[in-house]
Amino acid sequence: MDANDTAKKRIVALLHGPDRAGIVARVSGWIYARGGNILHADQHRDKQQHIFFQRIEWIPAGDENEEMRLFRELAEGELGMEATIRLSSYRPKIVLMVSQFEHCFYDILMRCGMGELQCDIACVISNHEKLRSISETFGIKYHYLPISKDTKSQVEAEEKRIIKECGAELVVMARYMQILSADFIDTVGCPVINIHHSFLPAFAGAKPYHQAYERGVKIIGATAHYATADLDEGPIIAQDVVRITHRDSVDDLIRKGRELERIVLASAVRCHLETRILAYRNKTVVFD
Amino acid sequence: MDANDTAKKRIVALLHGPDRAGIVARVSGWIYARGGNILHADQHRDKQQHIFFQRIEWIPAGDENEEMRLFRELAEGELGMEATIRLSSYRPKIVLMVSQFEHCFYDILMRCGMGELQCDIACVISNHEKLRSISETFGIKYHYLPISKDTKSQVEAEEKRIIKECGAELVVMARYMQILSADFIDTVGCPVINIHHSFLPAFAGAKPYHQAYERGVKIIGATAHYATADLDEGPIIAQDVVRITHRDSVDDLIRKGRELERIVLASAVRCHLETRILAYRNKTVVFD
Amino acid sequence: MDANDTAKKRIVALLHGPDRAGIVARVSGWIYARGGNILHADQHRDKQQHIFFQRIEWIPAGDENEEMRLFRELAEGELGMEATIRLSSYRPKIVLMVSQFEHCFYDILMRCGMGELQCDIACVISNHEKLRSISETFGIKYHYLPISKDTKSQVEAEEKRIIKECGAELVVMARYMQILSADFIDTVGCPVINIHHSFLPAFAGAKPYHQAYERGVKIIGATAHYATADLDEGPIIAQDVVRITHRDSVDDLIRKGRELERIVLASAVRCHLETRILAYRNKTVVFD
Amino acid sequence: MDANDTAKKRIVALLHGPDRAGIVARVSGWIYARGGNILHADQHRDKQQHIFFQRIEWIPAGDENEEMRLFRELAEGELGMEATIRLSSYRPKIVLMVSQFEHCFYDILMRCGMGELQCDIACVISNHEKLRSISETFGIKYHYLPISKDTKSQVEAEEKRIIKECGAELVVMARYMQILSADFIDTVGCPVINIHHSFLPAFAGAKPYHQAYERGVKIIGATAHYATADLDEGPIIAQDVVRITHRDSVDDLIRKGRELERIVLASAVRCHLETRILAYRNKTVVFD
């Protein structure tokens, strides 16, 4: 876009709801009539479910907060859609949950540090002490919360308290090797993105690289998804794969997989932060 | 889409022209106001050149020919756009030009035979006799037009005559190993799609696999593009690549490249036939 | 290799058996001592199972049949290996089994016709009449054997008779939409390669593209494997994948998947014909 | 490999030289006769140039230093090969050269920190101050050496002095945006790996993403290569690519390219550190 456009306030809206004729015309006509300048507009229809999806980004002529308020009336009222409406300068706080594998953790840290991800890391929660020092080097508060079968519900309660208290709008499980309870997911109050180290739905569950090695597949993958009560069954956001051969040991799979995990998790988090993802019926629409 | 929608006449329009505010609203509003049902709409803006591009597909309420006429008035008149407007049942004739390498030729033949490509092969033009028998097995007329430096302009004139006479709307060079003159390209009267066996702009010109082997690249590619007066310089439609290693001889590169050439050429031809490609300023917008 | 080498008889051997020190030295030393010229040698060790694998290709100094006989003595006798030993000119007969989807069938036909696959198609077996005419156009005998629950064992017996009678050394299921019985697989007397239209082990069983659509994956795949008594569970030979998005309908998945199926099946068949595959413990070693 | 094998000293040798019969037999026979246990052996022949290449890794029965000395006599003396012979525990010092783009720099830092790359970063050399603080956070000495046309030869002399003084065996240009002189390359005394942000040989020189955008390619890439006197012309070690569309602005290309640059540079450095790369005649053999 023009340098001029970059400087101006932009509004991003994600809509979805029952499909019907004329929605595109109504939305674009409304913005145009109020002097707005549409920068991007992308829509999708699920023709089996008759659901309409749209992501639209524009520069309003008037005050952006007033425009957002009025647009919400249009979207939710007249059009009967669910709407997420944000300024493009949206920069939420996130919480990172990690265990001992550090590659995804480092990667998110690094990308935040370089400005690749538009968010602030409010704190780190871990069931190990291992990554405290690197966290603190980057000036990020580190909560060590070891967890056992007996303490699980208590620790999860503490985790929720921390997440809510710091105002996080997203939790990123950067290889956090504990299964979150259905109750945690339901009540944490914000989306949770998880990275699974296989090409889901293949090799769900534990030790996917070992499973892949045993089965003798020729390609392995990684999957970022929103965590739901059903382990490894949430809506898939991003996936990537890499070729392997009989020469690759389990250790090689783990090494090659680390690259995938980093890229796939970062890509999913970036799309989420840029308000590009609509999750529905256990699937996602990811506007690019 | 619904079974109902499939049966109905659909109109596809490709527009491009000077960008300005309100085009999306005007186009979608126009169709909606006339009772049309928009199935797909996708737009793009070249923000450096201030050009607007759109592909839109809809089921008109009224007579489709009348709607196409009126939409052209809107697009070309009021909006000042260049417009390609077709029924989705568009099924043009094409001419295949080939030499001795048969893989792309066979591939296009096979895809037409299976209905993957919505077109009819009007005839084959070749500077060799080699593929006559397979052409005729498939019931396709075969023109053998050998070519030499001295006869080039004369043979090209004959080729143009054949292409025009059969009413072809697209020429596909399926590894036709002759350079078409600038005059031929300018006057043949329809687009020409070529497949180049490298990842352009790398290894333009002759023997790209040998060039790639010499340079020691780790990935090779293929490129489908519209032919222009400048050899290997036309707007790129599709590209794909495959990994190679030091183990691969030039023959291996040729073998691996054949797969790419087939897929890339077929993909470019399909996008063209489905009215998905807008070429401008030596680039393409390919709506997917 | 040199033009000279191409003209000479070459021997290809695949060995596997219990790993122990000195095998590489013994094999290469044996060939060298007898004046052979090793063109390729590649080995692999399964370090968990302590199995040694080797593919070795050489030009013998003496009579190739005598060398093959003596090498077998070395491999099976002294080294205690299982051995497959062939001339590089090996060109077996194969049988194609098909139903109604023609893309893989056409593809194998085409590649055989162009010399990409070093084999002869002895005949086609199908449970439909649909592809008779194209088979016969290519001069290939077509056996129409419709199959029902009641006639299954009887039809399979007839299929086996045909396969044995024509001397086929490989059966290729080019989207043959019937489940072969465990008994058929056990007694057909030659390997059977199948193409499954998903990235196994994801979406085994029926309608994998529909399953993939439902699950909302972002990548789909195809898998070629040796058929075993356990449906979709045999040793995987080759896999490939392609990206999809929310825009892709089930029909788009089917179309994109067709490309994969063609490439993956052809690649598996080519590796098999070139004596590059060792199957063991439900996995494969594919020497490239 | 077995846990036992991991603990033992291993020797890795890279050989290349004039091809002749019996080399594989001689090398493997020599190791076997001395009680060595070969873990990996991979060879390659350039059949056009008649050059033999081998990478072999084994556990010697006796003292590893004595075995290395004797093996060098065999390789260089009897076989007339050039030989690189190292313990698998080889862990060299490297120097990172950077300018202002930090993604490759951070990435190498992070991988060293996690043990993915078996080396120590002796120091950082930069023509900007920008990355001093992050370097020093990681405890790495930072040399700020601004450079101008007038001071170039003087600064390069200082750079060479630093590189030699710290005993570095590899220089990694992690997006160092200065052209090193031919003299520097010739006299720095160790290999230099550079990352170029295009799919070489396409878009050599400055601003490759802008060039790629202008040309309208559908795929972009990155290339890691050994730096030579000819800019962007050195032996290619690793390449990777990613798809782009008309939707991608130059900024998107830069963002997508960053991922490639990180992965490709890290992969090249890893292969170098693991003694997997043989460079010859401006190409590389990379044993995997």
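In this document, chain identifiers A, B, C and D correspond to the written order of the chains, with residue numbering beginning at 1 in each.
Here, a contact is a pair of C-beta atoms (placed from the backbone, for glycine too) under 8 Å apart; a residue touches a chain by one contact, two chains touch by 3 or more.
Since the structure is predicted, the reported quantities are computational estimates derived from the model, not experimental observations.
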| item | value |
| --- | --- |
| Far-end chain from subunit B, centres as C-alpha averages | D |
| Same or different residue numbers at the subunit A/subunit B copy interface, by half rule | same |
| Rounded Å distance between subunit A and subunit B, as computed from the means of their C-alpha atoms | 38 |
| Euclidean distance of C-alpha centroids - subunit B vs subunit D, Å | 41 |
| Residue numbers of subunit C (touch at least two other chains) | 47, 247, 249, 288 |
| Sites on subunit C touched by subunit A in the complex | 44, 47, 53, 199-203, 215-219, 221, 235-241, 245-247, 249, 282-286, 288 |
| Residue numbers on subunit B that touch subunit C, as the complex places them | 1, 102-103, 106-107, 110, 113-114, 116, 134, 137, 247, 255, 258-259, 263, 288 |
| Subunit D residues within the subunit C interface of the complex | 1-2, 5, 21-22, 24-25, 28-29, 31-33, 37-39, 41-43, 45, 47 |
